[in-house]
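In this document, chain identifiers A, B, C, D and E correspond to the written order of the chains, with residue numbering beginning at 1 in each.
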Amino acid sequence: MQDVKEFRPKIVAFCCNWCSYAGADLAGSARLSYPADVKIIRVPCSCRVNPMFILRAFQRGADGVIMAGCHPGDCHYTSGNYFARRRMTLLFSMLDYLGIERERTRVEWISAAEGAKFSKTMNEFVDTITALGENKRLEDLRCKK
Amino acid sequence: MKKLSLAKLNDFFAAVAAKETLYLPVNNNVGKAEYKKWESGVEMSSALNTVRSAKDFFFPQTENLMEFKMTGKSVEVFDTREECEDFVIFGVRACDAASFAILDSVYLVDPVDSYYKSRREHGTVVTMACSKPAETCFCGTFGIDAANPAGDVTVWEVEGAYMLRANTEKGEALLASVADLLEDGCEKCVEEAQAKTRAILAKLPLAGLTTEGVGVGKTKELFDHPAWASLSESCLGCGTCTFVCPTCQCYDVRDFDTGNGIKRFRCWDSCMYSDFTKMAHGNSRNSQLERFRQRFMHKLVYYPDRNDGTFGCVGCGRCLARCPISMNIVKVMKTLGGKN
Amino acid sequence: MQKMMEKRALELLGDGTVNRVLGWSAGDFIYDVTPAVFKTAEEVQDKFLYNDFCGANLSKYLVKESRKEGKILVFLKPCDTYSFNQLIAEHRIIRENIYAIGVECFGKADEEKLRAKGITGITGIEMKDGTYTVHTVYGDETVKAYEVMADRCLSCKSKKHVAYDELLGSEGEVVEDCNRFDMVEKLEAMTPDERYEFWRGELSRCIRCNACRNICPACTCEQCVFDNPNSGVSQKAAVNSFEENMFHIIRAFHVAGRCTDCGECSRVCPQHIPLHLLNRKFIKDVNTFYGEYQAGENPEAKPPLGKYEKNDIEPGEAGGAKA
Amino acid sequence: MQRIGVFICHCGTNIAATVDVKAVAEALSHEPGVVFSTDYQYMCSESGQTLMREAIREHKLTGVVVCSCSPRMHEATFRKAAEKEGLNPYMVEIANIREQVSWIHKDMKEATEKAVILGRAAIAKVHLNKPLKAGESPVTKRALVIGGGIAGIQTALDIAEAGFEVDIVEKEPTIGGKMAQIDKTFPTLDCAAYILTPKMVDVAQNEKIKIFSYSEVEAVKGFVGNFKVSIRKKARYVIEDKCTGCGLCTEKCPQKKVPNPFNMNLDTRRAIYIPFAQAVPKVAAIDADYCTMLKTGKCGVCSKICAAGAIDYQQKDEIVEREYGAIVAATGFNPLKPDKYNEYGYSTCPDVVTSLELERLMNAAGPTAGTLLRPSDKTHPHTLVFVQCVGSRCDAENEKGKPYCSKICCMYTAKHAMLIREKYPDTEVYVFYIDVRTPGKNFDEFYRRAVEQYGVHYIKGQVGKVVEENGKLKVQASDLLSGEQLHIDADMVVLATAVEPDKSARGIATMLTASMDTNDFFTEAHAKLRPVESPTAGIFLSGVCQGPKDIPETVSQASAAAAKVIGLLAKDKLTCNPCVANSDEMLCNGCSSCEKVCPYGAITYSDKEFRGPNRTTLIRRVASVNEAVCQGCGACTVACPSGAMDLKGFSNRQIMAEVDAICKM
Amino acid sequence: MSHNKNAAKVEQILRSYGVDVRKCMRCGKCTATCPAFDAMEYHPHQFIYMVERGEVDKLAASPSIWHCLSCFACMERCPRQVEPAKLIEAVRVAVVREKGQNHLKPEDVPALLDEDLPQQAITSAFRKYSK
């Protein structure tokens, strides 16, 4: 048997401060674990997430990027996630169009009360990305060690 | 003079490629010619010329210079230079062949650009005389003979065969290495082919274009010429002309932070860009007029001033064909005084 | 048409309505037309041209020109009027300083298609009754206009002038059965792998000359993020596949909902990359997900990314990988 | 280059049991810019903070990274501690290694690695942090209440009670609103006038309250604490200060045939009128559409008989400019006009009335002086049919009605049925309902009383059609529980029509940049936690303009809105969140993309001069952000193609630095 | 009792006429409106509920569906756009299809037509009287 190093994906999660980041805190308090491959970046609102950040993450070696925000209608800033939803819909569709795996990007609406959903979503996402394997199509070889 | 029967062309390519990498113009997925590595089955393009010039071989669009890394308080520097191997470029036209001399005059004078020099030394240029020039061609204006290109080896296509002439030692060596595929050539056939080509060249719409009004010593006269305003008015400031130009040689040095260290690379720059030669105090040329003027003054005045009257343009016509708004060096020359 | 345009230009210059004319100026080979500002009647008489090779969209020049002293006359083809409107919507051009004349367009020719037919050494082109007689140093060639019509004109979305002060010819109509999304659909029907291969094949030719961006009437930023060293994403060269993707995805995203589909990006690409297919994907998606929207049609309309519906489609539901 | 101090918190064993805190401190000490790195038992404790403060002083730190619990927990604590030591609080960043690491991971090696990465990301961010200063803006200590119904009245009274000035803008000649038209109120059945009138008088007498009656808001400028409002005082042709409200003119005016909207047009009034006896202000107004003098220049009766000389036919609309710190929308509602429902015959049969019309028909001050009579022949009705949910609870695609439940109809119908049965025991009263909805204190008891004590016939079903035949209203209805189709010969049919927001609300919302839902109800900042605030700072909501409500609910909400206003006006200065958007004018195109996605209207544009190439001057339209209004969501930053718009504290480069640090291979 | 029996058939009926029975809030206005009430065993609001419950066969077997006059009053007045008349038509069509034969010859149709009749009423009437 060849000794193959187990593939551990790198996953960036953009979480809005008011819902999803609080949801992640709740997941933590409730000890609802999810893989350490997920690293969270706190943003004020999902509408702060620029498509450039997502591409940047892939460039720098991320294998999956997930954006989590308040449920539509519950945005702390009333409308931010609606705009974010349109932007991500178009961006993801474009990535798909360019032949970049659709599953590498995901949007979830997770409220501050949904610690369980946060954990479940992250577990699922890690599984999906692990199954997909390394990000090859949006990588920047200069950033590989 | 040697002769290569076209029936043996593939054998010839195979024999060359067996020793060193062979590049030649090939049609790409949209039917335009670009230089590609020869492999069995690859066919040479019949196009007059490639979209990008052959300067890429010696002066590529991007090139890593070195890397460095900070660990704690110290900086480590790594030489990332890759050893250049011998290669042959086949099918270079007279204009591009002439452009190498212009690049040499920049990069091979002190301080010598060692990256460029290494490539030049390893490269053998096989040129191909033109037989069907286009309306955008005006190499003759600069004294370049499309029917008799320079290069290490020159090739003419005559009926059913190529005539090959080695011009340099490198060229001799190349032909010697494939001697068993070659027969003795025919000087007369070449002369006939040249005469044919020259007859066509004389009929081209730009055949009468002269360098009158531009050239050595014209800086004062032309710098404040009122025509620059209208000529540059529609320029978009894109870099298309400079990037397809075989003689444009400006580059920028940039650092890329990979997260694990810095990669320092150089890449083509364009004097048409607003951030060209931007320095601490700002830009030296603030308006598109100044930038536009710079490009043409450089090719038509400053360069000849410093190089015994040799112009910085070889008349390949790429910028004429590619400029999004069809403003180009020919229109500039005509406006500044050159007669058609 | 050229005569009428010239006449109006001279009249308007003459009576002082405008002090400049933005039009197309003749070149050396009929097809190499340059956008130009004519300041005198003599210049107009001498150089003004309107023919089947006047494809350049003049509206972007108005960003600078409309801020200059006095009123400028501009000639706009139907598709240019959409860009014109969009620039007005974005406050990029000052309408009061412009006198816009709409001119009819029946599709423009693409000189690349002449070249593709092996026609070279062109010394002149005669255009008559939908036929071009091309004089070359190698003899004359005849081609039908539609054979060498630009691809973007073959899938023209609208022959309607949506903004003008005056019309020469008819106002025109929106093309109802426009086929401009055919290629997008074809790509969508491919597998992700095929799509990936397709786009790699195209985008890998990019030389980052910025012609697409600089000609684009939607790209009028004072400084592009990709040129701004402080943006953290500046790029000067298409160093590798990532940077090619990054530049083109972000550029398409930045003009999403603003791109009028004028097709200038693909026209000017020296490497013949079908960049319009990126923009059209966004246009098609916007139409599918958020209802029909044509940028530039109505300067008052809210852009699709500047509004929302509560029941908009979720990112996970849109598109999706095909087997 | 920043000088960064890193502090790893053990959080007792909360973190330290799973994360090798010493290893993290060691690893992070090698990061660029880090000059100090340590770990400590409890960073949030007094001694932990002291440790941090000493390090700031000793190592001249310019930035601090605390690896601890969620920033939602102690970010403020650490920022305050840093500030005490003279370090700008926004130079402190938190890496969440408790909720995101130690509590969810078991493997120590993995957890430690992740803690280091999160620490690195925070360090990378701090490198780009800039000291931020919260801006301040003054507060105009006066509130504007738009609408003078019970909601507006209550809000104004409560604000005035706290000592702040309040203006009420009411578009009618009097305040009082819908409640003034109502006869009795559920579930206590006390008279609306008895409870409303004293409040109206309080308003009139309160020195802090100024009423702009017969006036409308024309334009709103400014932002929270600093609104500038133009109010149009419509010409009423009566000088307010002179009119004594004696009412003589309203009796002598020869133009008698003016429909009386206060009585739902069931009777008439004169061209000069005071809407009702208890009107506040009690000042007459001339209806220009009917006044003979204004129309033809001949008459002048009122002017002749007015002893106070208050009539002024030359009066013009007047614009008043006022400044406010807060604005309350209390624009109220109207009952839906059921004229699209041909099956109920509202437009054709005078005896088919709406519930508000019935209120007037039962009111002592109404057209029938309180005796219930049929409008058609002024006879006493014996059989009455009430229809519930007219225009409420319709499908979203239904053009005639509204999708929501109007909430108050079940209760006022029970009230009507009960009052009629009490006063006229000889009547039969039928109520056709879909559901009877009575959530509220003593509400269901009230409804049950109508059924059990007063014998009102509640029938589950709907009325299908009403046809007038020989002076009777033939009502065809379904009784779903018995499975029958009923045919009732009724004398009157009463339609419980839906409430709909006042038509003026939409325009007002636009002026206020307050958002509205598809039904034109104002949207609240948070459906549960901020129900009386609009998402736009400084705009508050009171009454039915936010959603259907009964009187007690309206009054509570009105007081709640007042409390919020008082909280705002009590401040001398407003401290702004410094993490707000910021536009780089050198990069801005003025394209308005950002403005379109700003939920707060915080972005404005102006033409500015810039230096162009070669000593030229260019004028460009550029965006600027009002820091007092911006809430820092960042929507604009992504809408901006040129990158001119960025968010302080969460800048593009900061977030990308975090991305880089996290993804670093 | 299952709310899902006959799911496929119900789905087919609903989809064929674009009716959504779940929109019904059981107000009974359709039944209140119906001029053919007395002739019916089941009434319009029950049609809706029966389809929702999957009792299509029971409904199809009832003569009630043929008593609908297709006057569309219920459709006009339904506050929730449930459109009972359309549903009834859908059930009738399903019944007719199951019979697998046409009861009227196409060439006989024109003579029976009255220009003012709504199209749906015509086809509906044909089905009804050719039973």
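Heads up, the rule we're going with is that a contact is a pair of C-beta atoms (placed from the backbone, for glycine too) under 8 Å apart; a residue touches a chain by one contact, two chains touch by 3 or more.
These figures come from a predicted structure and were not determined experimentally.
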What chain groups remain joined by touching if chain D is not counted? A, B, C | E
Going by the contact rule set out at the top, which chains touch both chain D and chain E? none
Computed over C-alpha atoms, the centroid farthest from that of chain E is that of chain B
Of all the other chains, whose mean CA position lies farthest from chain D? B
Could you compare the number of C-beta pairs in contact for A-C with that for A-B and name the larger? A-C
Measuring from the mean C-alpha position of chain B to the mean C-alpha position of chain E, what distance in angstrom results? 80
Quick check: how many Å separate the C-alpha centres of chain B and chain D? 69
Centroid of chain B to centroid of chain C, CA atoms only: how many Å? 30
Rounded to the nearest Å, the gap between Cα centres of chain C and chain D is 46
So chain B residues touching two or more other chains come to 256, 259-260
What are the residue numbers in chain C that touch two or more other chains? 223, 225, 233, 239, 305
For this entry, which pairs of chains touch? A-B, A-C, A-D, B-C, B-D, C-D, D-E
Hey, which residues of chain B end up touching chain A in the complex? 256, 258-260, 263
In their complex, what parts of chain D are in touch with chain B? 30, 32, 613-614, 660-661, 663-665
List of chain C residues in touch with chain B within their complex: 27-29, 31-37, 56, 61, 116, 120-123, 136-138, 201-202, 205, 207-211, 213-215, 223, 227, 229, 236-239, 264, 267-268, 270-272
As the complex stands, chain C meets chain D at residues 67, 89-92, 220-225, 228, 230-233, 254-255, 302-303, 305-307
Taking the touch rule as given, give the residues of chain E at its contact with chain D in the complex, in rising order. 23, 25-34, 37-38, 43, 45, 73, 76-77, 79-82
